[in-house]
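First subunit A sits with subunit B, and in the next complex the same chain sits with subunit C.
Then we have the complex of A and B:
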């Protein structure tokens, strides 16, 4: 098409300007987010790095900030996310497979679906109160890692289900039909075709959910489960425990400014673990993504 | 291949669940003393727990911070041995304990002064009377500007900072100042974290807030401490001395631990409480609080001795 008089009118110049302004606006929004993140990380590193050392990782809470450490809290948090993953993955993926692959469209299905979407938005402290009544008291698990991770499972389960459903939905329907056409049962289709194809997406969702579980303090505090003072490393799921975010919250609210530095150093550790988890998610997505050849 | 993997996961699960100890056996053989309750008292109990653990590495004290009310709820349910409390037990909490057959004994272990602070740029106000504080903090308060308290003071809005409603500090302050527990104006910045209140008061010339004395002491260069006149014309500022001598009134409060009597039958709880009452003075100041008067410690030990002998004749 050749240049026409129409395109050089004031109207089109205004359109071009608007378009440019919009892209600048979007850039500003992005930079604002990144800037806040950089500021946050800078502030934490500046406060926490000088306090980050082997002693922090190997000692227990102390009345002397320079002796205080996160040994119990870190191990507890690793326990919590491991067990939470063990509980939430089979249940979450199972529920997603049922809803996507088996359940017929019905009022029952949409009711369940609506509930899951709503549960994903419930504040985590509510699950803490449920956990206190159900796991700590009714099931008599007391203030154990098991009770804590079951509660965290409730917190992340809706997220895992929704993420898994999303990835199952992304598997092309032609794959299922091809599998059926070759005589495969629904079980064989799901197990050998659909699930492997959906694995990268499911894993990403799971790891993001687990990262969230690791950063949760509110439900554990509401359960009265995670201790802020503990002098041993929990070795089994029925042990009492602490948790990194709870420990950080405790130190950050102390009056002595030295504790705020210990809290910042603990935040650096928490962030490191979270970044490692997220990096795993990226790696899994990359590696499994390459494997699928139809 | 996949069967192998499934078996592996099952085995891993089994090992995880059984761990070092057995679920069926009802727990590890670790000896613990369970404490929960007030986040104000918690640093003191944690500190005693730390020194105690050095002396008795075989006993583990586990401390939480559910708040005084949360702590008493668990205490009344028989879930913990000791409850940290920044106020005495309430009637409803007493009933809950009685309903579950839980008998207890309480010890006064330290004092805390609630400081009322303004911004250092505040040049006009050095002291407030309890009457003035009540005028500021009562529900539907007519005080909005500094000039409402004294016509000579600036006609600027007072920015208020105070305790969140879940804290024992809120219960105590409202009872001491407004005269009725948990009655307060609502239009002020609330936080359970006193550091937030410190930052707020330090950030505005016309602000006023109340929080634990330790938070003033650690931030004294950013704040100006007000004296309180209980109504007799004497202005007293909170300090280690005035809180301990009880001349800083009415905003100095005792802190307590509540110990379940049946827990005292367990040697580890007995050892910890004994150690607590003997050594708490050494850690109180470090934790930011004021030791109770000398005679209180003697009375506490006497009370413990009497309680123990009532449990088992001859202990």
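Then we have the complex of A and C:
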């Protein structure tokens, strides 16, 4: 009876087949996702590219699809993300610094932490209704860019806080200890050591959150703030505004097929801006992450 | 073609690890004659409900090297971290007893912990330079203490690096990232950084445990040189190291100080059975 341990048996062959089948299954899942994405983008480009021209970028909405453009919507969206960044970065990073560096472990902190995580999952339309009640009505900001960006700040704040906390947590404790041991106060430690080390991560999180804000239509629609027929370039934060996703939503829901082409062209613009933002995030992470290796 | 190699510093020979050592230890009489720099009186320390130190009483004489030895978890690091109140940073800890530095208590809520840590420097087990330049690493302590002016800072940086025996190796790369230095250089940089705040006490938590033998030897030489200027307390897992560098040795076991005395005496003639078992390698 000299049987070596390395001969294949029915059992081992079945296991090998199972393993193979599973890898095929995973490949299929991946391909399906990529395929759908390619189809989507191809469809958009096919519909939108012929309509993508300088006129689209410089014109205002119009009754005639061939004259309609996204000038107001694009500028409004840039206003929105700029102000949203200005509001959400200091508040979000400040909250993260408090929670990570100052707050002692307590039931209260866990409660706050849990709620921030939950808020990140709240549908954005809910924030729109909050924005309508709070900013548009109670604070009488009307349907201004300010009201819109404050609402978007609410949407992205939990994301910014969580991302910033993650980056702060990634700073090794030994750096804090070294700083404290040299007689630095908590503030000096946070300002001179922890924040600089966490900045690439925080920036990445902020840019991704801003991309999300740029793509949000629901809260702006819900607060009734973003108009779809603006024929001027908004010049100050208290002006009325539109927004790219809202404009796209409006055009896409019209019966005339020409408008669908305008919408597709606007989507191409929106996607381009988003890809640029994401590329910046990747670059920041790569460029500054490289310098710091613990 | 032969590559010409230049050696910019003599390579330190490794020293034997046993007695008699080449750097003389201070004698028991000398230790007894010195004023206490730090005296610890009936110290108890708790992490939550768990007691980590029980009733530790120890005198740390001035300008001597005191080594804390004992098996892992015996409380020696906790004890060290009590001396500059680094345990304050851990939530849910409690301390009882008294620690006197130069005649003044360092425990209690009224003590300015920031000022205390400037006088009691610390070097950690794993070298932890800031991800900044060599210069900025050393200048950080004085900077946060409010020292301004490039020339003043430069002077402090140079002096500290010289004392930490690192100046010759880094004087041309002060603006390079500290993370580019070798492990041993990083640890000496951390020592220089601690010296820059002009402390009188230097706490070292296993400063050489992550280093190769040559770097370890340089650190030990350095400790010996620093002894005349600073009071040094060093935690070490390595008993030969304690024997090589220290004047006084304290043996901790399960949160208690089992025995403390002059290094010569403790290693050659321990008073307690547990100490003898530990230093002869029978446990721990």
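Throughout what follows, the second predicted complex is superposed on the first by the 277 of 294 C-alpha atoms of A that agree within 3 Å, B and C clash if a C-alpha of one lies under 4 Å from a C-alpha of the other, contacts with A are read in each partner's own complex, and residues count from 1 in each chain.
Following the convention adopted for this analysis, a contact is a pair of C-beta atoms (placed from the backbone, for glycine too) under 8 Å apart; a residue touches a chain by one contact, two chains touch by 3 or more.
What you see is a predicted model, and the numbers here were worked out from it, not measured in a lab.
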Superposition on subunit A - do subunit B and subunit C clash or fit: fit
Touched subunit A residues, subunit B compared with subunit C: B
First (subunit B), second (subunit C), both or neither touched by A:197: second
Superposed arrangement, angle subtended at the Cα centre of subunit A by subunit B and subunit C, nearest 10 degrees: 160
Partner chain in contact with A:104 - subunit B first, subunit C second, else both or neither: second
Which of subunit B and subunit C A:179 touches, first, second, both or neither: second
First, second, both or neither for A:188, with subunit B first and subunit C second: second
After fitting on chain A: smallest Cα gap, subunit B-subunit C, Å: 14
Interface residues of subunit A shared between complexes with subunit B and subunit C: none
Parts of subunit C lying in touch with subunit A, wherever the complex brings them together: 84, 86, 89, 91-92, 114-115, 117-118, 121-122, 124, 126, 128-131, 140-141, 144-145, 177, 179, 190, 193-194, 196-197
Subunit B - residues contacting subunit A, complex: 13, 16-21, 23, 27-28, 30, 32, 34-36, 39, 42-43, 45-47, 49-50, 53, 60-66, 70, 74, 77, 79, 192-195, 212, 214-215, 217-219, 283, 286-288
Complex interface listing, subunit A residues touching subunit C: 104-105, 172, 174-185, 188, 192-193, 196-197, 291-294
Complex interface listing, subunit A residues touching subunit B: 60-63, 82-83, 86, 136-137, 142-143, 221, 224-232, 235-240, 250, 252-257, 260
